[in-house]
Amino acid sequence: MLTSRYSKPDVTELSISAWFYRNRTLAGFDNPARSLYVSIRELVENSLDACEGAGNLPDINVKLVSQNTSNERTGITSAPEIFQLSVQDNGSGIHQENITNLIGKMLTGTKFTYKQSRGTFGLGGSLALLYGQVTTQRPIEIVTGLRGEDYFTSILMRLDIERNEPEIVEESRIPKRQNDCGTTVTFYLQGDWLRSKRRIQEYFAQTSMIVPYSSIWFQTPDDKLIEYDRVIDTLPAQAKEVKPHPHGIDVELLKSMVSVTRTLSVASFLTSSFQRIGASTAKAFLTFAKVDADQKPRDLSNEALLDMMRAFSEYNRFSAPSAKALSPAEESVIHAGMMRLQPEFVTTTKRTPSVYEGHPFIIEAGVAYGGHLKNGINLYRFANRIPLLYDEGSDVSTRVIRNLNLKAYGLRPDNPLAFLVHICSTRVPYKTVGKEYIADVDAVRREVDLGLKDCLRRLSEQVRRRNRVQKNTKRESRLRGYYKFISETLGEATQRKIVLTNLFPAGDDE
Amino acid sequence: MAIDSSVHSTPDVLDLINQVLFKLADTVEEGEFPEIGYYNSSRKNISYSSDQGYRPIDDTPSYIDGRKVESAKTIAGLVYGLSRFKEHLEQGMSMSLRDFYYMNKVRHVQEVLRISNQNETNRIINLSERILRIAGQSIPREEFGVVSSPKGTFFGDLTLSDQSGKKLNCTNAGEYGWFISSRPFEVKIHDINIDAAVFVEKEAMARNLIELGLPEELRIGIGSLFGQPGRNMRAWIRRLADQEVPIFVLVDLSPWSLRIFSTIKSNSIELSNIQGLATPEAHLAGMTSTDFWNKRGMLHEIEHSLELMTKSDIKCAQQNRNIPAIGQDEILNKENEALLKKKRKGELEAFKSFGLPLVELKAKYKSYLTSKAAIHDVKII
Amino acid sequence: MAIDSSVHSTPDVLDLINQVLFKLADTVEEGEFPEIGYYNSSRKNISYSSDQGYRPIDDTPSYIDGRKVESAKTIAGLVYGLSRFKEHLEQGMSMSLRDFYYMNKVRHVQEVLRISNQNETNRIINLSERILRIAGQSIPREEFGVVSSPKGTFFGDLTLSDQSGKKLNCTNAGEYGWFISSRPFEVKIHDINIDAAVFVEKEAMARNLIELGLPEELRIGIGSLFGQPGRNMRAWIRRLADQEVPIFVLVDLSPWSLRIFSTIKSNSIELSNIQGLATPEAHLAGMTSTDFWNKRGMLHEIEHSLELMTKSDIKCAQQNRNIPAIGQDEILNKENEALLKKKRKGELEAFKSFGLPLVELKAKYKSYLTSKAAIHDVKII
Amino acid sequence: MLTSRYSKPDVTELSISAWFYRNRTLAGFDNPARSLYVSIRELVENSLDACEGAGNLPDINVKLVSQNTSNERTGITSAPEIFQLSVQDNGSGIHQENITNLIGKMLTGTKFTYKQSRGTFGLGGSLALLYGQVTTQRPIEIVTGLRGEDYFTSILMRLDIERNEPEIVEESRIPKRQNDCGTTVTFYLQGDWLRSKRRIQEYFAQTSMIVPYSSIWFQTPDDKLIEYDRVIDTLPAQAKEVKPHPHGIDVELLKSMVSVTRTLSVASFLTSSFQRIGASTAKAFLTFAKVDADQKPRDLSNEALLDMMRAFSEYNRFSAPSAKALSPAEESVIHAGMMRLQPEFVTTTKRTPSVYEGHPFIIEAGVAYGGHLKNGINLYRFANRIPLLYDEGSDVSTRVIRNLNLKAYGLRPDNPLAFLVHICSTRVPYKTVGKEYIADVDAVRREVDLGLKDCLRRLSEQVRRRNRVQKNTKRESRLRGYYKFISETLGEATQRKIVLTNLFPAGDDE
């Protein structure tokens, strides 16, 4: 527990690493089970980013190996155990000079551009590595190589927490073929496999659905190999970096942008720093905001910046933010992903871009039916290609599904149904710090609703068409059965022989 | 006094069943899918008037179209049912609704009809009542041998013969009198020596009236409904009214009891196609709201015995407003509204909370009944 | 054949009530708080044997201590109840449980006892049965005039007189026969011309047996229980057994029906203090598990008519294991275990799913009943 | 959204302030309503700490004033609004030279000692001030003075977020009486009073219960004054700083301790750095751990430290951690706090210290009944004198209460009952990052259970005693009523006059 602020002057500033280490629960490292899960997840997502960034179809190879021998003093294996975790990808690899900084230092982006990415708090895997080092005191091994080079660089390193600096312990080269590329990170960490097993497996299963163009192999500590082989060979188009939209920033960001701009007038600052502001828009806006277009940006006072910010939010003639920064999965990928569930039918849809608080977003949806699906409604939620595993009950998609009138589509809640919802955005409207579910925001709800309804409409046609054929055959045979019974019963009651040849002329099967 | 007989003779009913069966046989042999029309008991097909109760007006027919699978199943069930009714009638036997359900479990029937629920077979019987009609009137299922568990007794100087074929007087059939036949339509009434009949909702009160000798002293018959009256009891009351016996009904002061009385008086929407179940001449003999809540009411003194209506009582009274035979009946509507206003209810047992010695209680019963009869210009004693 | 009469005469019962009232009056006048002892129906006070059913053994008495407030209230209720029973007996009148509840609404009584629930007054009546004892035996409440709504009919060549005071033959009282008295203890039996009596759980089957003429052909009586038998029916069966009429009970194949039979045979724990409700001589005539599940069982052919037991059926059967009169009875326990094993149940209506013409069905009924009787060395025909 | 780690080398390190600003949702600043609530709370808790630290009975004066005039352009008052928030205390005040560092810099403690305090993430009010500056761009005013001085120092300052440094805008002195002391912080921030009103008021109401020795005045933006005047004049004893217990640390802390120690042997390192390790314990432990007692601490390898850490956790002969670091409220304070609810009866209890994961904790409990309490069970939860307002349903106390057999105490769940549970510890076992409820830990549950049961036992005696008297009078009168009825009824039935004079001799009232 830390001491009171006003009464204790003998405190000093910590490095980001040190602060994080002390407050690691914030990022999910609050117990061995959850830490193991978060570590795997962070590294796998980094690897997927690396592959997609390089335009390579991802091959991700994860190995989790228990280091425990039974405790020598007590004879009992005591949880938490120590694991070796290794995550290998075929991304572009890392330039030798960047390795330590990229892997071993807590960094965050400062460029004033936006682009859809998987990242959550910008901590990437670094915190996982830090956690591993703290709990095991073992160094971290990185093996990485670029295409065209004929060696992998292998580095063994430690993190100096107090100074937030990496320290290289050992460095060497390993020969490779020119075409090979990618990075393998191997390190040790404390974990609790028994308690995290289910969620880790669920994470891989759902990830395999949203990146069906990836092959993912996971070797568990129980020595099982869980394999998800690639089922489609096209990568979604990469997102482009875009400048911020004037509705998507706040004063603090505006101040920072002004502090680094080299432009000499407010007008040129606006056109060069923002999307959707050309020369004429800048002029119109500055008139609206009553700001001198030729003023030097650096001369703007705090008050003036605050006024400009207010004017941004009130000016409603900027075009909607660009969706170029988004990288939706595309229908073919969603379709392939849902086929992993081996259903009978799948329908998918991709909505046109919408806007929420100055940031663009796109909803993709899919509905699957029958086959190997379990009875009842199964929901799979993704945000920027990350599966959302918790708090499903509070998610906007759950609410939309709860309000769907399945009956109108000839379906029932106990049918074998799977719903998939993918939101991609430069700012996903998560509801809580935990980032496990999407807020019930009007704009988003509308899109999810329309997307799922579109899928259901087409799905229901398919299901109905098949049912109709099955039904007709069955109906004909039942009808004949009833009339056979009617004729027999009437025959007995009337003491006559009743023939049905006139009723079913071709009916030699009766 | 006129002596009546059953509404339709068994041979007539048998004949009708045969006609239907032969017609169906001809139809399918000719290569036509049968189509059967009937009138259901929707509000369109029913009229209500306070002097006739519910009556069928046969406005909008429904059809069973034999080309449709579900309808073909219904026709199969109907044909089977008719063939069973025919056999039972020929043998003078009856069956219960549950019996008929089990007849559908005969193996070769079950294989085709796959009936899993008695509702389905009950529906076939209801349909048979609507399809078997003589002179535009449905034949009650009792007349083709399907009877419900009977309920109710009748005590009084009246001589009759029921299915047992033996002549009996209803004062000589035990302490409760005669256990009412399952097929009152077919009971023969030989002799009537009562000036009125009082039907009492609860058995205990009826028993007390008999024990106190009121049937003899007042020359009345006492019927015990044992709660909601069965079809047999309602038909029996109709039979008595046909013989011009004035009918009085003595029930609790509650929304449920208003339903009991209204069913006796006007029949019900569901069974409006069955003649002979309504007795529009029947009078409500109490307990009424004015008995308790008028200062001069005969039960005003025991107003404290009333209990609060429960939620379901209140809901019942609210629904009563939409039942034509209550909502559109001047007296019953007034009673129902009084209940809804006071939100309290009374029971026949309340007579016991006068705390009177039995001699005085008997006098109280007598004066109560004679006053109630006098209101309707019926003199008893 | 012996002709019996009521167990206790009304003057004896009146005398006993007076003794209790005077004793209490003396006690309070002497400045003592009354203390009343009685035996409740806890398991300690009850024994079970298959040849006698449940019997009171009066092991551990309970006491009502008049110094305690709640007990004083009980004594006040008891004194009031006894004074009412006394008056009713003196006038030859009966009352229902609900009547007694309303007697507690007499204003000056209500002001003191503040009774809001019939359970309280029912308890006073139950207590009266335990306190009013002659020669160590409880007096059934019917004998001090408190009767339940009666249920059940009896058809057959037997002559009796009930509360009506008139002599009647049970074949001449209508198609169902005689509606069983509310006070069978006091019925006089004059003449018996039957070799056995068959009591049938369901009215429809009983009616069919009568319609088919089995009472005459087999010289038997047919009783209809109308479901779970009332106290009056159970007492009537006991009365017949006292006259050495062999008793057969025909019920569904279900855990509930085992309870019906066991109540007839052994009475119940709660009412074990009331003599004359158990008929240990009664035989289970079916339907039995072996009828359906033995290859040679008489009902094996219609085994497909059995339905799945519901959850509540299964729970009932599981609880049956702990009811001594079922769990400790060789036959009933075997039946109950068979039901639990098969998890299916049958109904008397299943005879209808043979799909037999009525002539053959009658033969089936006859052979079924005679075989069942033969098992117990009773010859009928 | 931040960009992927491996592919973007052009990122630089941020200051803690900057990082926090970007990730302020982590500390609860995720919308104007919640930010207003968190800001008030952080500053009030700092003020309470300051007063208690100085041994002064706290007088806390909070003013929240709306700065909004209706928007000139649209004519409508637009939420979120701007507020001026001022929090004044009578703590010791701050030495002039420490003002800017203590108030304007993100700091965290590094001393290796523990002591119970209110703090949550060690951010104190600084983040609130940072949030205020970012949303309003207005400077922060501090007025503070020490006892014995004859002036207050008044400072107007800004925070430089990028550098994590305060900047003084203006400084002046205001004359005061020598006895006056304390600090007033005044600043501006964006907020949403309508949406936060209920929780802020609830926060003050519950805080007033746990610090009944404080006077707290809160002037709301609706111009109402909410007053909680002091109801008791004794402060709880202050907590002492204690060294860590060997069961309450982890490897990383051990490494840091070793890195700064001036001791020359492992044995003296242990005795000087830890509580509960004297010379003989050190010797016994080092034998157990197979460590050379004379080795220099600085020479211990990572492996050796890891082994020592393991040995710490396995060695079970250390005495339990000292409870000196704790400052329970004490029964008189809990009692006074519950009297704020104006009940009919109150019982309180304080449990003896217990231990959870190497940290001591104490449970204090109270149960109140009747009076102005609402019917039903009302629960008030506190941790280190902070009210816990959310997630009540998941709290260990709720579970304990749910399992209480109230009937055994002659009580029913619909009785007017209030339960209070206060846990104080150097590490409160919160369940989630949100720190709104206490985990269902065996050791804690046991203490809460025993504490509440002890209170209930005594409460039930009081309630029963009162009921018994009422009941006896009623019983006597009922008994006479019944016998009057019995005698009348018997009289009628037996035709005798029955007198009761022997039964109730003194009964001329009958």
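Order as written gives the chain letters A, B, C and D; numbering starts at 1 within each chain.
We adopt the following convention: contacts are C-beta pairs under 8 Å (C-beta built on N, C-alpha and C of every residue); 3 or more make two chains touch, one makes a residue touch a chain.
None of the values given here were measured: they were computed from a predicted structure.
The most distant chain from chain D, with centres taken as the mean of CA atoms, is B.
Distance between chain centres (mean CA atoms), chain A to chain B: 69 Å. With centres set at the average Cα position, the gap from chain A to chain C is 72 Å. Residue positions 109 of chain B each touch two or more of the other chains. If each chain is drawn as a node and touching chains are joined, the picture is one closed loop, every chain linked to exactly two others. Of all residues in chain A, only 475, 478-479, 481-487, 489-494, 496, 498-500, 502-503, 505 touch chain B in the complex they form.
Against chain D, the residues of chain C that register as touching in their complex are 18, 21-22, 24-25, 28-33, 69, 72-73, 75-76, 79-80, 82-83, 86, 109, 112-113. Partner chain A is touched in their complex by these residues of chain D: 1-14, 16, 19, 21-23, 25-26, 30, 46, 49-50, 53-54, 73-74, 91-92, 94-95, 98, 101-103, 105-111, 114-119, 121-122, 124-126, 134-137, 161-162, 164, 183, 241, 250-252, 256, 302-303, 305-306, 314, 384, 426-428, 433-434.
Interface residues of chain C, counted against chain B in their complex, comprise 87-88, 91-96, 98-110, 147, 149-150, 153, 162-164, 166, 168, 171-179, 181-182, 202-204, 207-208, 211-212, 226, 302, 304-305, 347, 349-355, 357-359.
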